[in-house]
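As written, the chain order gives the labels A, B, C, D, E and F, with residue 1 at the start of each chain.
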Amino acid sequence: MSNLSNQRVAYFNGQIVPESEVRVSFRDRGFKYGDAVFDMTRTFNKRVFKLKEHIDRFYSSLRYVRIDPGMSPAEMTRLSEEVLERNMHLLGGDDDYWLGQRVSRGVDAAPGETREREGATVIIECSPLPLKSRARFYRDGIDVVVPPTRRTPPEALSPRAKTHNYLNMIIGEMEAKTDDPDVWAVLLDTSGNLAEGIGSNIFVIKDNVIRTPRAKFVLPGISRQTAIDLARQEGFVLEETDIDLFDAYVADEIFLTSTSLCICPVRSVNGAVVADGVMPGPVTKRLLDAYVRFVDHDFVAQYLRRLAA
Amino acid sequence: MSNLSNQRVAYFNGQIVPESEVRVSFRDRGFKYGDAVFDMTRTFNKRVFKLKEHIDRFYSSLRYVRIDPGMSPAEMTRLSEEVLERNMHLLGGDDDYWLGQRVSRGVDAAPGETREREGATVIIECSPLPLKSRARFYRDGIDVVVPPTRRTPPEALSPRAKTHNYLNMIIGEMEAKTDDPDVWAVLLDTSGNLAEGIGSNIFVIKDNVIRTPRAKFVLPGISRQTAIDLARQEGFVLEETDIDLFDAYVADEIFLTSTSLCICPVRSVNGAVVADGVMPGPVTKRLLDAYVRFVDHDFVAQYLRRLAA
Amino acid sequence: MSNLSNQRVAYFNGQIVPESEVRVSFRDRGFKYGDAVFDMTRTFNKRVFKLKEHIDRFYSSLRYVRIDPGMSPAEMTRLSEEVLERNMHLLGGDDDYWLGQRVSRGVDAAPGETREREGATVIIECSPLPLKSRARFYRDGIDVVVPPTRRTPPEALSPRAKTHNYLNMIIGEMEAKTDDPDVWAVLLDTSGNLAEGIGSNIFVIKDNVIRTPRAKFVLPGISRQTAIDLARQEGFVLEETDIDLFDAYVADEIFLTSTSLCICPVRSVNGAVVADGVMPGPVTKRLLDAYVRFVDHDFVAQYLRRLAA
Amino acid sequence: MSNLSNQRVAYFNGQIVPESEVRVSFRDRGFKYGDAVFDMTRTFNKRVFKLKEHIDRFYSSLRYVRIDPGMSPAEMTRLSEEVLERNMHLLGGDDDYWLGQRVSRGVDAAPGETREREGATVIIECSPLPLKSRARFYRDGIDVVVPPTRRTPPEALSPRAKTHNYLNMIIGEMEAKTDDPDVWAVLLDTSGNLAEGIGSNIFVIKDNVIRTPRAKFVLPGISRQTAIDLARQEGFVLEETDIDLFDAYVADEIFLTSTSLCICPVRSVNGAVVADGVMPGPVTKRLLDAYVRFVDHDFVAQYLRRLAA
Amino acid sequence: MSNLSNQRVAYFNGQIVPESEVRVSFRDRGFKYGDAVFDMTRTFNKRVFKLKEHIDRFYSSLRYVRIDPGMSPAEMTRLSEEVLERNMHLLGGDDDYWLGQRVSRGVDAAPGETREREGATVIIECSPLPLKSRARFYRDGIDVVVPPTRRTPPEALSPRAKTHNYLNMIIGEMEAKTDDPDVWAVLLDTSGNLAEGIGSNIFVIKDNVIRTPRAKFVLPGISRQTAIDLARQEGFVLEETDIDLFDAYVADEIFLTSTSLCICPVRSVNGAVVADGVMPGPVTKRLLDAYVRFVDHDFVAQYLRRLAA
Amino acid sequence: MSNLSNQRVAYFNGQIVPESEVRVSFRDRGFKYGDAVFDMTRTFNKRVFKLKEHIDRFYSSLRYVRIDPGMSPAEMTRLSEEVLERNMHLLGGDDDYWLGQRVSRGVDAAPGETREREGATVIIECSPLPLKSRARFYRDGIDVVVPPTRRTPPEALSPRAKTHNYLNMIIGEMEAKTDDPDVWAVLLDTSGNLAEGIGSNIFVIKDNVIRTPRAKFVLPGISRQTAIDLARQEGFVLEETDIDLFDAYVADEIFLTSTSLCICPVRSVNGAVVADGVMPGPVTKRLLDAYVRFVDHDFVAQYLRRLAA
């Protein structure tokens, strides 16, 4: 009992329960087919980041796959905040949370039987950010490897929906990590343009112009949008356009954005060191600083403190 | 307790348990990412069909996604047979089972925590075939609709692995079923050739030559292979080749194969009635008869009996 | 004789004759090969709409296929106006005309024979708009279905020329109308982006941004351009860009433009209802109102009056 | 009157009439949209060639575009033979006929009016072969030029149907004939493989293996099939496969097939002379001889006699 | 000896030597594999043009292929200027120079042997512009032919690097020059859009809007950029966008840019005369005049003087 | 002088000279543009391998790029044999030679000057095989990495010609060797099928069927053809077909062929170990043995002896 009070809780189909009780039937379509979508934000110093934007994107994903979550965005928001609050006492002093929502199409009955329950499966949960394991990327930069597997094209399944179908990118990651498990994979789209990695968007800087792949071919990350907005506020030209390996190989600077990393510099692409290898480069540095001011939390320092520990 | 004895059982991570206890953590990668593969055979008059071929294909899928199931094909086979046997007493007299194996990459720990359990999640389960709901297709033929969404190309994720990533085909199905929930979707590949539907392969007959899409672009169904073998034994020319909508629109006969349906005639494609609309056509009829002989079970009669009921 | 005065007339190779006399040889290349181009405008309350823009586009089509019509744009304009005027007395009080120009490369001689006549075949004709049959789309919205057949790519034949080669879109329409003859087909281009239907362009609205496919992949409709101009005058952001099925499925509003319909709201795409299904949505409504003001004719009311009749 | 007896006749919607009376309304969909299909065979020394095969292919084209010609293949055959017979007395002693069938979807009514006539427009006609103008190709070989415009891909409109939509190939021809009106265009398909020209198929010979493009990407010419059959009878390996410009540039021999030319050697491709430029090469010569024997008519001599004239 | 003083000199691996001594080993990777990059500017009235921009682009090419030239851009610039100066006395009064830099990856040793020399092979050289042979293009315009071979796509080798791998474009040129050695080839990219020719970029003008292919698919010529800058300064709308053959066939004006020609009007594309054939058209004329002012040298007059000679 | 007798000689434009004198002008098109082709065979125990097949392929490459070498295949063969003979005394007892022919289009004159020499540049040369550095691959197997850069498609430049344009594959190799310089790159073609590496072809074995990519997309290696012939002689089914990463990941065995390696087993592809990692697998072993018998020289033992050294 007492150890339960040390366990995080999650929302699961109408109730808030200990995480260990959030178990889905093997007949849940989310398990059988990845027939589910999710979204994920984070906290900065315990404050949740752009929850509205995440919930809006989540409902876009739901419409695309035609799943009815059985609740309004407002209710999804309220429940997300409640889950976060109910778990906040478990969070370490210098830690932060991921906060996620997942909805599957629900449970298929076996033929001739009645469904276990009607409607979608809804889960809202949080977990601590992996600050320690990712801290070195802020110091050293990320080594990006582009695997041969190409990102699923929009005519098959739109990358703009955040779904439970990740095998395409998982296979790309295994290919990229052949020799080094710490590299990050960024896949090309089927036209040979840079697309995205698992949970990350890429930005390439040349002659002070910042370019990032068009939203059509990637998940339009909230951190990506934040970087775009901040770049424009800082006076940079920022283009959403087709970028290819030539752009990466001759870039002045490259960075990735992700929910956990916000903005993190890239050291190399397929072994070619970016510019002179100084991490972060001046444009990336300005955007990092702007990001820190925007979220009012020095996440870079927060990460780097883990290296000392 | 007594009603448990009326519940089917399944193998789940080392034990055989009632189906209702087969529930996976929401952190299972099979749920979060569809990071899992499966396979599925059926029984004919209670006898399991080509279990070895299914297990072989299953281990191909596992190698492709680099998941180690933690057991040999022989053990997987033995456990599959055991699960089937333990559930046989629950099967109706004129019924048959699907028998499936599912393996996910297992449960991710939250950052900083230890994994709930190591290794893959393994499930072996069975469920009755939907004989009644599909019976009319043997009488009337199947109406095929080709949706605009294209089958995921092999350079993104090979259709030859039977994975838990089905959203591409689920979206195609929703598009095809716009006006009629009973149509079957068959998707084109990204070159515009006929590929496959959810769990079904397509065969097109013209001037006594039988053609089916190349294995590169579809799940190489065991029923598909059985139909190929039988067609050749019956003396037909059978080609695995690119087939497009022209082939479908001018075909003499078309049929689908699937684990449950074996071989089932198609009545129309995108509203164009196949040849003179007689179901099944003469070549399909010969293959159906050969299939019945091969499995030593008149599954057509078994299906059609449901229509009377 | 008297009934001839009740028959519309048309320009045909140098003369204005009753429509029933406008008959082309079966050796006319326009018939044998679709080796011809055309254009088509309409009247609003008897006044012809943007005739200059249509004639300009017509001469672009002519240049693309390298057909010399044997007359200047000015003469083509003058003759078009004359044909319209000569038929005006036949038009009902609340009706309007389509006004079209068609030019084929002319008549091939059989080998060894002399050509029936030299030069292009030129036809200018008008016909009443189908107000009654299309009226319900203003009340209910249009149900769009995207067929599997893809719009002919520009590297084979540019969609920007309005030619007599419509089989690509006719086949797409037959596929779309499988279950419901009243749906409108909108084809994808060979990259999987939304392109166009027979005589219609598509606009997709999300977060008050209006997007329509790039002119490279569609006939640059005059009504399309009018909608673009009006949208910008109304202060909307309007982008000509790649749009795909994801955009359609998560759109706030969608509308089609065509010569006859001007702007007409879309109710559903492949069975997915657009937003909350209110027809027309607020942005579409504003553009409809602007269109009515621009042409100084309430064509919406004109259509809807047909429903009462 | 007397000169009418010197005029060829044609079948037109139920009657046999003088050719000059075969005129279609400008509202015929065959004219407006190229919404029609046709087929075309020839005579050899007055005897019609493979009429059954042509009629079969014609009905395939009709099914593809879903046009009902309103008569059976047997009746179409009988009428074709009758048209031929009724025109035979007009044919010169050393001449031969093309014999063609054309069916359009018929005449659209203007909105609110009744259709001029119901059903398809059917035309059966013949015309003398252009023996004189094509004779030199047998002496000199054909100069092939491959234009940049690509053959319409099957996912837009199948090249296997012989339709009235020829603008794609007409534009390709104009590009190829930039400097020399006597070259023949052969277009590439959208994958960059050799496809076909207007009414011609291409065969490429290397090391005694004869290759021709796959039927999926070209009209499966009856002359093409005859050449395939004869090549195999002569003991050659003949492959239907992807052929590209490399194959053409390093070929030992190349020839085209068409209804009028049967088999005719190619002298050059894009200015690169085929092998040593001897026309025809030894393999082509054997196939030409076999063709002459097969049709029991020395069409090569028939052509070459025109050069003397 | 004395005639050596009449020979141009070049920089070659550390020394300035007579051109005839600039000979690379057959084991130089620049020869064996085209494993080298280059750049090329020109003089206007003896003054070098935008050397900095050329050297910057050159170092981009070097980074893309990961060749270290062993010297800084500043040193490359200084040496280029020195080579030019040392050759200036050999230049005719009304002549100008091309000035080029070439760097290969150096010499491969045969297995088991030591390399002839370490590091890259570096050459800096100049040669007189071909003013006489190209003069007529300013008077008559250039006839452009688009060959069937497509420009190498960026996913294989980026056209943005100026490399020693030109066979793709050389083959395209041979195809285009089938009948006329004076035409210029402009290749399409693999999507069917206009790309570039050997050393030339294309601009297409319609309704006073100037369009040129996106930089992603072409070498971003310095002359191209100069034309872009001047066009904008002159108040024109200039778009870098996809342009296809339709654009070319219906254009008002077309011109090419290249280092030697700066801006030169196009008379025809695949035999289709551009607009009314007046050379140069009014927009091209304005840009030519602006170019002349910008470089402060009337290169048009300089070229045309050669026609009189 | 005496050391010259220790230097290999080569044929160079009409003479046999010491290798150090084989130097081409920097204006040679082979250097400037890679406008050249080559071929390369080897000796087995001093006897040259399939010289005729290599010379035939060489002349195919020459025809494709339209370069006239100025000599017949017979003369090229004779000179190749002479070069080999004149260098044989320099070859170590257990060593063997590569023997290569290279022909470029020759030297461009600078504008206004006369060409240094007319006609093609012809080089015939040999060098010792890198037996020592490649020996370990026979013991350990080759680790294959598939880079993101795709093999140049045939519509841009046919891989079937062996040209001096290798940058596409050089860039692919640099990407693959990011972490390990000993891996071999195998590139995908632009459809995502396995193509080839620099000088190597790939074979994939599954269920005793041996598959290798179609000749259309790769250099048709002579060693590749030898392996195909031997496999068929050994009774295996061997298919030239599309192979993708799925095939590689689930293969029983994989091997590469190349002139130097003949047949060499592959240990892993993108980090996925092939089957159980036993090198070589049983099918590969049988083909290796057959190859050794065919060339009557145990090249495997010859390689492995280098490991002891």
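Assorted remarks:
Keep in mind that, in the parts below, a residue touches a chain if its C-beta (ideal position, glycine included) is under 8 Å from a C-beta of that chain, and two chains touch if they have at least 3 such contacts.
Predicted model, so just to flag it, every value in this text is computed and none were measured.
Taking each chain's centre as the mean of its C-alpha atoms, the one that lies farthest from the centre of subunit A is D.
With centres computed as the average of Cα coordinates, no chain lies farther from subunit C than F.
Repeated interface: D-E and one of A-C, B-F or B-C share more than half of their contact pairs by residue number, and that pair is B-C. Averaged Cα coordinates give subunit C a centre that lies 33 Å from the centre of subunit D. Distance from the subunit D centre to the subunit F centre is 44 Å, each centre being the mean of its Cα atoms. Across the assembly, subunit D contributes 64, 66, 148-150, 153, 155, 174, 188, 192, 245, 272 as residues in contact with two or more other chains.
All chain pairs that touch, listed by label, are A-B, A-C, A-E, A-F, B-C, B-D, B-F, C-D, C-E, D-E, D-F, E-F. Taken together, the subunit C residues at the contact with subunit B in this complex read 145-150, 174-175, 177-180, 188, 192, 245, 270-272.
The residues of subunit E lying in touch with subunit F in their complex are 8, 10, 12, 19-20, 22-26, 28, 30-36, 38, 64-66, 102, 104, 110-112, 123, 125, 127-133, 149-153, 155-157, 163-168, 170-171, 174, 190. The residues of subunit A lying in touch with subunit E in their complex are 188, 191-192, 242, 244-246, 249-250, 272. Of all residues in subunit A, those touching subunit C in their complex are 60, 63-64, 66, 153-155, 158, 160-161, 214, 216.
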